Amino acid sequence: MIQKPIISAAEAAAKIKPGDVVHVGGFLGCGSPDAIIAAIVSAGVDGLTLVCNDTGIYNEAKGVSNGPAPLVQAKAFKTMIVSHIGTNPETQRQMNSGESEVVLVPQGTLAERIRAAGNGLGGVLTPTGVGTEVEEGKRKLTLKGKDYLLEEALSGDVAIIKAKKADKAGNLVYAKTARNFNPLMATACGTVIVEAEEIVEVGAIDPDQVHTPSIFVDFIVQAE
Amino acid sequence: MIEYVENKEIIARRIARFFASGDVVNLGIGLPTMVGNFVPEGVTVILQSENGMMGLGPAPEKGKEDPMLVNAGGMPVSILPGGCFFDSAMSFGIIRGGHVDYTVLGVLEVDQDGNLANYKIPGKMVPGMGGAMDLVAGSKKVIAATTHLEKSGSSKLKHRCSLPLTAAHEVDIVVTDVGYFTVKDGKFRLEEYFAPYTPEWIVEHTGADVVVAPGCKEFK
Amino acid sequence: MIQKPIISAAEAAAKIKPGDVVHVGGFLGCGSPDAIIAAIVSAGVDGLTLVCNDTGIYNEAKGVSNGPAPLVQAKAFKTMIVSHIGTNPETQRQMNSGESEVVLVPQGTLAERIRAAGNGLGGVLTPTGVGTEVEEGKRKLTLKGKDYLLEEALSGDVAIIKAKKADKAGNLVYAKTARNFNPLMATACGTVIVEAEEIVEVGAIDPDQVHTPSIFVDFIVQAE
Amino acid sequence: MIEYVENKEIIARRIARFFASGDVVNLGIGLPTMVGNFVPEGVTVILQSENGMMGLGPAPEKGKEDPMLVNAGGMPVSILPGGCFFDSAMSFGIIRGGHVDYTVLGVLEVDQDGNLANYKIPGKMVPGMGGAMDLVAGSKKVIAATTHLEKSGSSKLKHRCSLPLTAAHEVDIVVTDVGYFTVKDGKFRLEEYFAPYTPEWIVEHTGADVVVAPGCKEFK
């Protein structure tokens, strides 16, 4: 099996170009690729579009800044496509001041749009958001008397994700609730970089227990 | 004269009584999370957390938290034997696919047509909908949990929501700290009242059309 | 955790009523719930609609009849919604004679339609089948210059599936290529019956390694 | 005069040369499966099987077959280290999502517009499309593998397919036992010819428009 390059967090950050659409795994900081995020902050890339469940937790008083929050703080994002920003006042500030654009997407719809992109589907029909502001600008279809919104695939240029374990070919296993959006984003982006807590030899993971097949992964970063 | 005093515990206690063994339940952040503490002895519900798990257990002891094991609010939790983890697509497949029996969530407003608003106060506060829109659209029964009155004294139950909706026509049950209502035919229907409040007091202090169900009784 | 009833194959068969839409896991017999299929043949139910990848392998000369083939032989199906019938000449005979109706669905589309049903989606947009007979009677939508067919959710009354391992709560693990359609069908039907090679205590399966969460499963049958 | 003799091995051998290390490849049943035997030393391809695996290995020794480990034709196979298993949704997500570099499949007919027919002869034989429609619509490159002529002597390469299509305009490359063609601008373009056949013979014995590429050469 072909092995994937093991690179540094800084090398990973260098793969992200200004203006890229970047999918970032994690849920309120759980399962976020923290070392790569820190390296992108250091690299100072901007004009990015974020696709993530949320913009992380930012609490200055408690000294907490997790998930994509350090990148929000660094004003790396022109646009943020997320389901929740309630735990990051800086995101709300940037949105209200017009410094950045925030597009709110229902969490399940976000998951399906990312999956659709990775799975070659143009989109899906979901009942979520019917009768709400989420409808605006979307096609509505009625099937068997029930209304659905057509939600389109949402792909990205680069995905940065976090795994518990990667073999050197790129097969991944996630831990507990740190799985969340990571396996979906792994399918949906041109370049996929995983930050793995543990890197093991090819063959060390039971083939029935692989969460993300190796072929989706381009680069591996050893988590700190 | 009856004076209104906020009482979140009664809301959580009443909601916990709806469940039967085997029900799959999603409890939202805040007040709904309290419901888990009041599930009657002998009733085993399966708690789902939309960040990707089934079989949510209590918070671990201090010092035993696992940063990889949190609930949808990012707080440390545990998993019960027989629970499992899954990704966000499966999590919302479970939710949207009608495999969750009850979702319990807080509201900013709820109206007599079963509309619910809880994710946005335009120009003021925009936390985002997170998983709420899917939960409300997909769960078999939606229970809105809310104190009956605002601090200002105005009713959380409305003729019509004025805030952007989280979902239209999806709320089945509303439990406040004065009583339990179903949503039927464009009205709130009072099914039970909580002492010291009376049906008369409740009808008078609700900013929406309330009918008192024929079998309406006091909850004990 | 609530435990699920462990029932016999005959009891499982009795849950299927004439006219039901039955999802049957397996791929050319690999990962098929064989004991339950045999019990349905014995019970003599008919007028069923089959949803399955295929109608099994039937080869009289070699004495092979696997997957749903024994049920095809018993004329249990009024309609068969499948992707492939090339390994079962009896299906082709019934189709050509008009004894039963065969609806051919591309395999990936079949997988997504079943998944959509289980996941509360009205349908998905797939490029598969554009420009072919599969288009007929379907809505075609154009997104970003590419054509897609709208393929609708396909639910069922009963799913009979096969797992390697079930815990008593109904959490399932599948083996190797016997996984195939089984986990998808587990989400998409009113009643889900699993035939498990091994039944273990609750807690015996690593919660990160569950393929099908317990809540989807209604009944467990011990495989023979 | 050149006499046509069917030669499946040359087809498999030529196709195997297209691959680079790391390519994900799906080989259809029959002739395409033979391609796996001719991948050059030093080139490591990853074989995908649409019934749900990556890293397909050779057939096991007789007596060591695992009934739970088969390919999409139901035949016993093995898995290489680093391979993995997945369900049918993931399998076709991989296929439809453009994560398969090459799909190689047999044809009943292929035409100069890149249309392919291989799942149905109305009124005669209807095996069904299985995974072929997804594979052809989703793979980055589609290679049609076919003997050049029918037993009857008629060309498998057509101006226009007459059978129901498996996919429209998706075939990139056609390899027969006389040469290798690309599909371009509504014509077959001969890129390489296999001795003893010559470009002239091939143009004459193909029931479709064939242009000979400027750099067309003999394959060795």
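Read from first to last, the chains carry the letters A, B, C and D; within each, the first residue is number 1.
Just so it is clear, contacts are C-beta pairs under 8 Å (C-beta built on N, C-alpha and C of every residue); 3 or more make two chains touch, one makes a residue touch a chain.
A quick note: this is a predicted structure, and the numbers were derived from the prediction, not measured.
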* Higher-contact pair (C-beta pairs counted), B-C versus C-D -> C-D
* **Interchain centroid distance [CA atoms averaged], chain B/chain C, Å** => 36
* Structure fact -> Rounded to the nearest Å, the gap separating the Cα centres of chain A and chain B is 29
* Structure fact -> Note: chain D sits from chain B at a C-alpha centroid distance in Å of 56
* Structure fact -> In chain D, the residues touching two or more other chains are 53, 79, 85-86, 89, 92, 95-96, 138
* Mind pulling the chain A residues that touch 2 or more other chains? -> 112, 115, 119-121, 126-127, 174-176, 179, 207-208
* Structure fact -> Checked against the stated definition, the touching pairs are A-B, A-C, A-D, B-C, C-D
* Which of the residues in chain D end up touching chain A in this complex? -> 21-22, 24, 44, 46, 48, 53-55, 79-86, 89-90, 92-99, 138
* Asked: What part of chain D is in contact with chain C in the complex they form?
  -> 49-53, 66-74, 79, 85-89, 91-92, 95-96, 115, 119-120, 125-134, 137-138, 164-169
* Report the residues of chain A in contact with chain D in the complex, numbered from low to high. => 1-2, 115, 117-121, 167, 169, 171, 187, 202-203, 205, 207-208, 210, 213-216
* Structure fact -> Per the touch rule above, chain A residues touching chain B in the complex are 27-31, 53-54, 57, 82-87, 92, 95, 102, 104, 106-112, 115, 126-134, 164, 174-184, 211
* Asked: Can you list the chain A residues touching chain C in their complex?
  -> 112, 116, 119-127, 139, 141, 143, 146, 148, 150, 152, 173-176, 179, 207-209
